[in-house]
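So that you can tell them apart, the chains are marked A, B and C in the order they are listed, and the count of residues begins at 1 in each.
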Amino acid sequence: MVGSDQHRRDVLSRIRSATHGCTQELSQINSAYDALPRAYFRQSHLSNEMLCERMLERLREYDAKVVECAPTELPAAIAGQLLVSGKRTFVAPPGVPLEWMGSEFTWKVDNQLTTEEIEQADGALTGAFCGIADSGTIVLHHSETEGRRLISLLPDWHFCVLYASQLVEMLPEYFGRCNVPPGLATFISGPSATADIEMTRIKGVHGPRFLVVVLVRDV
Amino acid sequence: MSESVTERLSPKRSRLDPEFAPPFPEAALPILRDPQVRKNVAHATDVIQAKRGKLVIEKTDWRQLREAASAIRSHALENLGAYLEEFELRCTAAGGIVHWASDAGEARQIILELLRQENASSVIKIKTMTSAEIQLNSHLQAAGVEVFETDLAEIILQLGDEEPSHIVVPALHMNRSQVREIFSRRMGLEGLSDDPEALTAAARNYLRDKFLKIPTAIGGANFLIAESGSVVVVESEGNGRMCLTVPRTLITLAGIEKVLPRFRDLEVMLQVLARSATGERMNPYTSMWTGIKPDDGPQHFHVVLLDNGRSSILARKTERQTLKCIRCAACMNTCPVYRQTGGHAYGSVYPGPIGAILTPQLERMKHAQSLPFASSLCGACYEVCPVKINIPEVLIELRAQVVDGERHNLKRLLDPIYLGMKVASFVFQKAWRFRMAQLLGRKALRFFTRRDGWIHSLPSLGAKWTQTRDLRGFPDQTFRGWWAAERGSRNGRV
Amino acid sequence: MRASLFITCYNDTLFPETGRAVVKLLERLGIELDFRTEQTCCGQMHANTGFRGEAFSLAKRFIQLYGQTELVVIPSSSCVAMIRDQYPGLIEELGSDSLRREFAALLPRIYELSEFLIDQLNLEDVNAYFPHRVTYHASCHGVRSLHLGDRPYRLLSRVRGLTLLTLPNVDRCCGFGGTFSVKNADVSSAMLAAKLQDVVSTDAEYCTALDNSCLMHLGGAMHRQYQGMKVIHLAEILASTDSSLKGGRG
């Protein structure tokens, strides 16, 4: 075991004496935690219609491509976007519904795909857990429908299906939707970017350079 | 690789080593003479500040968010031991391995041992200031491990053999043609244009292969979540996601102060961090993971928790707030001193206002003693700090410590500031002494006062003033002299 | 109404005209002014340079001198900031219980000049006349410690004949910072140059502020490099009623 127990004891004992050795009861700590001031906005008053509008606006600001559709139109909307991209080979997580995967394209469902196979695909199709309209953020919890992290990372295109019912206005509301902390979470707010050179914002460094969102109006 | 071997191949000394860096006034001078650097710094900080300003106005609960952010960080620090232990428990239960390091040397030793176990001859790195703090790269290189930085700014600095000058935009002191020169030379790309798009594409190509082939990554953490044992990394480029997802082994180095009590605390921290750091509502990518997930991402995960002086800061009442810092760099973006000097003048990987208080403390006040004085105490940093660190208050406290530490040093008798302060203190104890000093001062300065009533040149400490400023000569009559003359005996004598 | 004037060590010695203006102004407004001759210095310079023990002893002296006063007016926002921001910590650490009590009683009676006029006298118009183009520099302590807000502007807006010109980057530090101006003279001068550029760009005749420390810094550079403008403390503008009074320095 690298780094012995002694190091651990030393660090913790210094911390304890720095915080006056309070080996506080967890209940005491929890009371103090619950009493912390939280007067910031935690609840939205926007209608779902307005949430959709806001989300679309933010996504467009990021130069993400967005289309809306009714639930029955979803497979066609997806196929339409895949066609427009001009790409052919896509990866999808195993939980993605079959009707999302149009036969005009080549699909690799992720049952233990190798990194090379994913890297060679043109794009990835996934679902999502939540959309945060205020910042145009898409949250993935990497479930069966969203796929493991590599899927939405390596290919140059990311096609993401987001439902209107998954939208919230502000970040605290997303946390409100998590009953327990997710083991994995990726927050995507636009394609990757850097401003390291003269503060000029350049999009698409690593990670998908093209983000396409299909917003399903299921509310 | 034992520690003795690595020490023998002594690593290259960084210019940002507080132990050897020149004092701030000396370090600042060459940069003050470099208009290009100052222009780059002013441009970059203006851009971020403008963006931040707009978003702060838009966020009508900004004040409440700041209040909450400050309270959450203070609470976490008050209960640091308990929260760190909870983090360790949960992270370990999820398959992570947690290590503890008292200081930089221990941390490096732990990491080198882990790399030895991996037979790692190279690593990919996500930018982490903490690794720069412990000078990890140069020690890894001395031990024969090739280090590939993957942040664009870090690549620029690494290939250009430069040092970071800012916490969030480390290469902001450089412009596009400087970057083009470095890339074309080090990546062997003739005919590379200086368009930022082309430069970024060059970096993307340079790194792709490394992301996919190098099985060991080292990164940092923006936050550690005690409740779930999770780690959070906030980034823009996607290189973080690459390093956190593709390799077989991930080593996360994190200062002990990074811990947050609960997952939902991110609802506050992420809102204030993105706006403060880059002037965005949300940065492009934030990743959170917990230990190991089978078939998804690294299957070996280590966290190295670093003390390196933080527990000493924790112990001190006024200084503890230093540890609330979430490394957003808003303070240096607004600092009028940083605007003139850039980051290198601070002789530390942590520059600007936060660096002025953090660096000397991490050095246990043995080095970087000029940094607490590298400020006009204007308070702009405190105004923008998302976690409400009262930086001026800490600066003044550290100044007192530096001065108290010098009180037994004979050299202080040669210091005009020290002598001036002691004389002034003596004089101010009695009004008659003050009046005498005013009289003597007026007489002494008459020698330096020109016919127009102004002083253009003074000796010793005064020369520091008169190098760029005139000083009006002492008026013939002080205010109290006037009052006594006008108001007579009712209130005393001349 | 009675009030006691704390002139500040540097105003007393270097800018007595500001003190005279404060007296003229406040007496014109019907205030009976007192000047405690035992006053010297609030201790700010010592506190900010790290000489904490010395600062405490000056703080104690200040508190004991003014303990029984009705109100204290101070034409310097940095000195008021010292009393409000730093005295509590110094007394907590080094003072006795009785000193703590004395200070608690004194603190609410301390006023910076513009606070005194607006908050205590409820006045914006002080019958001033100053027919010149003026720009206002917002000293850091006034903005960030005292939260003076628009008080200075309200006072300036009622001065007859005065044209107020907006200063770009109005609340960016001028670079004085007390001993910073000599300990880090080069950086201080660079900050000063940037500030001077902003000030000169307004094409004002006068640059004013609530702190002579900033004005000494700016005025010193103006006198060296740019003769087209003078600095003047806000008190002197507010005291001015005579069109022939030139005033200002630099």
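FYI, a contact is a pair of C-beta atoms (placed from the backbone, for glycine too) under 8 Å apart; a residue touches a chain by one contact, two chains touch by 3 or more.
Nothing here was measured: the structure is a model prediction, and the numbers come from that model.
Legend note: the chain whose CA centroid lies nearest the centroid of all displayed protein CA atoms is B.
Pairwise, the chains sharing the most contacting C-beta pairs are A-B. Distance between chain centres (mean CA atoms), subunit A to subunit B: 30 Å. In whole angstrom, the spacing between the mean C-alpha positions of subunit A and subunit C is 53.
Listed in rising order, the residues of subunit B touching subunit C in the complex are 24-25, 28-29, 32, 38, 318, 336-337, 339-341, 372-380, 382-383, 393, 396, 399-404, 417, 421-422, 424-425, 427-431, 434, 438, 441, 454, 456, 461, 464-465, 467-472, 474-475, 477-484, 487, 491-493.
For subunit A in complex with subunit B, the residues that touch the partner chain are 2-3, 7-8, 10-12, 14-19, 22-24, 26, 29, 32-33, 36-42, 58, 112, 115-116, 119, 132, 134-137, 142, 148-150, 153, 171-172, 174-175, 178, 181-200, 202, 204-207. Every residue of subunit C that touches subunit B in the complex is listed here, in rising order: 7, 9, 11-17, 19-20, 23, 34-41, 43, 45-52, 54, 57-58, 61, 85-86, 89, 140-141, 143-145, 171-173, 175-194, 216-217, 219-221, 223-224, 249-250.
Against subunit A, the residues of subunit B that register as touching in their complex are 40, 43-44, 47-48, 60-61, 64-65, 67-68, 71-72, 75, 77-82, 84-85, 94, 99-102, 106, 109-110, 113-114, 117, 150-153, 156, 169-172, 174-176, 179, 196-197, 199-200, 203-204, 207-208, 211-212, 225, 227-228, 230, 236-239, 241-242, 244-246, 256, 261-264, 266-268, 270-271, 274, 278, 280-291, 293, 295-297, 304-305, 307, 311-312, 314-315.
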